[in-house]
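Attaching a single structure in structure tokens format; questions to follow.
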Amino acid sequence: MDERFTKGLATRKQVLGEMPVAQRVASAQGELNADLQKYLTEFAWGDIWSRGQLSLRDRSLATISMLAAQNRPTELKTHIEGALNNGVTMEEVAEVFLHAAVYCGFPAAMTCMRLAKEVAAARQGAAG
Amino acid sequence: MDERFTKGLATRKQVLGEMPVAQRVASAQGELNADLQKYLTEFAWGDIWSRGQLSLRDRSLATISMLAAQNRPTELKTHIEGALNNGVTMEEVAEVFLHAAVYCGFPAAMTCMRLAKEVAAARQGAAG
Amino acid sequence: MDERFTKGLATRKQVLGEMPVAQRVASAQGELNADLQKYLTEFAWGDIWSRGQLSLRDRSLATISMLAAQNRPTELKTHIEGALNNGVTMEEVAEVFLHAAVYCGFPAAMTCMRLAKEVAAARQGAAG
Amino acid sequence: MDERFTKGLATRKQVLGEMPVAQRVASAQGELNADLQKYLTEFAWGDIWSRGQLSLRDRSLATISMLAAQNRPTELKTHIEGALNNGVTMEEVAEVFLHAAVYCGFPAAMTCMRLAKEVAAARQGAAG
Amino acid sequence: MDERFTKGLATRKQVLGEMPVAQRVASAQGELNADLQKYLTEFAWGDIWSRGQLSLRDRSLATISMLAAQNRPTELKTHIEGALNNGVTMEEVAEVFLHAAVYCGFPAAMTCMRLAKEVAAARQGAAG
Amino acid sequence: MDERFTKGLATRKQVLGEMPVAQRVASAQGELNADLQKYLTEFAWGDIWSRGQLSLRDRSLATISMLAAQNRPTELKTHIEGALNNGVTMEEVAEVFLHAAVYCGFPAAMTCMRLAKEVAAARQGAAG
């Protein structure tokens, strides 16, 4: 179990970056969702994201596509960041959401594009 | 408009193969959904799938991920075929559906895996 | 309560026709979903469908649109029939599903159009 | 009808508490959704929630599970309160949302857990 | 293509009004979603909304019904405005959302009614 | 890992019965979804279903409620069986689906009730 947690933490750090991970794990101590965080790290990151059968970039494309279809804005923004860290360009992220107009409808595409713009603006603000 | 239709038909043929395309277009003549087929070819295939901003393989990964999240079995089976034609291996298709267990839940993953098996069996039957 | 049931049964008969209503009510006697049928008749048909604030044709347009977005094939087919009884033509039903390509995506539109064709074929069979 | 409304108001008060009910009914007078509030009280609370075939605690478990799967945050927060009033502990609410990671995916579970924390914080604020 | 864009812009202006259209098109110049806006205008407004097979009022009823079922608040508010411009009264909009209680559940109906109230309040504020 | 698998297999057997479990595990050997089955057993059954924070009966109520909202018929039928094994009566299963009419709409409730009837008929056939 420790091994899965350690592997999961490493993969998560690689995809979502250093600071947020440490911060989220810390903030989860003794809280309502400590166990959810544990399973997220072990199963989602340690078991699944760490498998070599699909590249991290491919997993990011799949993840933002699934979240675009599902209307989960907070998680989608987190995984737009992850996709950028995994080598998907912002133009490709936007293209996935344009593609979503065909498969999920224009309202889904419009919502996702707004979220992508918010992530782009936040990154420019942090960089500028 | 003709140009968009022609381009769409070519992209669709590249992704979904020769026979079904001709067959579907033919069967749609004078029918209830003739216009839907026209827009599907022009907009979905001619405008969006034909754009170079994302590879066909990436679009297939996005498409099966969106359909996995949305519970649309007929279209998912069509696009599993398309993904295989676009260079996604059957193992990678299965891995996307395993990934869906994290983002859409196990019931979605189980349903998609069953559909992937049906496509695999049909192809073995056709090849064997 | 009886009054609501009676009004609901009358509205339902007007929208979905004579035979199926009687048949469904009869088949529900002493069964698992007898109470569900009762509430469906009283609340859905007696309270809501019987209100004059929206015409039956408008309610049918709203109903098939909501069911198109939700992926409920059995109920959608029932309400395509209801829409035809309420003065929506089959061409307008098909147009609603074409419209769904914009707001729910092409997979939803394709699925609904197939169901509309099944209803059209069944009616031609019954008439022919 | 009056009897159903009275019974519904009583059940709703038992589940959601005194103040909000009175307040909501008052604020709905003469407004756009006065009829929706009436049907909610009569049908949802008077007809369904008041049935003895399932305990209030069981109905609360079913309700927060359905809302977790559906992504309706405002109603979910209301019914987390209702669940606590019906004898579900906050730890059990959190456990239902952990369970949702399996059946609805981790993004749904994460979103619901955040809402549960907001309800817990608001209650501690009110109590502290 | 220009013809489809021009026709789409005209239909969109008719449904959603003058100012927002100009403003949105302007703000989209050189941005992440410029192409999404282009396809929205050409395909959604130019190809589909401009077809005569269904009145603008019927299309508005279908649109708000599909968005009510899908939980897309920003687009729903835009299309409540569009529905009012297309001759649906605010009372009929509210009635569609009451109808949604039957087909999408009360949480969907409650959410939509809140959004309708926000639109009504904003319009009274603008008019008062 | 072995411990989680063993625990998961035991919990799954307790909930879903002996034969199907053995059969499903066997049939998954060397197949496309062998890893999905492994994670299902380890994570869904070994980690989550085996936790004591919620009774098996409560987990079954939550599971069929989440599946009712999500439109996943195959998994819903499996978990109606599981609910019956966990002490939920068929009348209570039907009551959960009646409750779903309020929170997911009547089409969801009707679909689920049909599936419950199929399970009831299959069990009577097996017993009779």
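A few points about this structure:
By written order: A, B, C, D, E and F. Residues from 1 in each chain.
Criterion: a residue touches a chain if its C-beta (ideal position, glycine included) is under 8 Å from a C-beta of that chain, and two chains touch if they have at least 3 such contacts.
In this text the structure is predicted, and so the values were computed from the model without any measurement.
Note on connectivity: the fewest steps through touching chains from chain B to chain E is 1. The greatest centre-to-centre distance from chain C, using averaged C-alpha positions, is reached by A.
Farthest from chain B, judged by the mean position of CA atoms in each chain, is D. Across B-C and C-D, the chain pair carrying more C-beta contacts is B-C. Overlaying chain E on chain F by C-alpha atoms takes a rotation of 180 degrees, rounded in steps of 5. Taking each chain's centre as the mean of its C-alpha atoms, chain C lies 30 Å from chain F.
A separation of 40 Å divides the Cα centre of chain A from that of chain C. Centroids of chain A and chain B (each the mean of its C-alpha atoms) stand 25 Å apart.
Counting partners per residue, chain E has 39, 43-44, 48, 67, 70-71, 98, 100-108 as the residues that reach two or more other chains. Of all residues in chain C, only 100-108 touch chain A in the complex they form. The part of chain B that touches chain C in the complex is made up of residues 31-33, 35-36, 39-40, 44, 67, 70-72, 74-75.
Put simply, chain D touches chain F in their complex at residues 43-44, 48-49, 51, 53-54, 58-59, 61-63, 65-70, 91-92, 95-96, 98-104. Per the touch definition, chain A reaches chain F in the complex via residues 39, 43, 47-48.
The touching residues of chain A, when paired with chain E in their complex, are 71, 90, 94, 97-98, 101, 105-111, 113-114, 116-117, 120.
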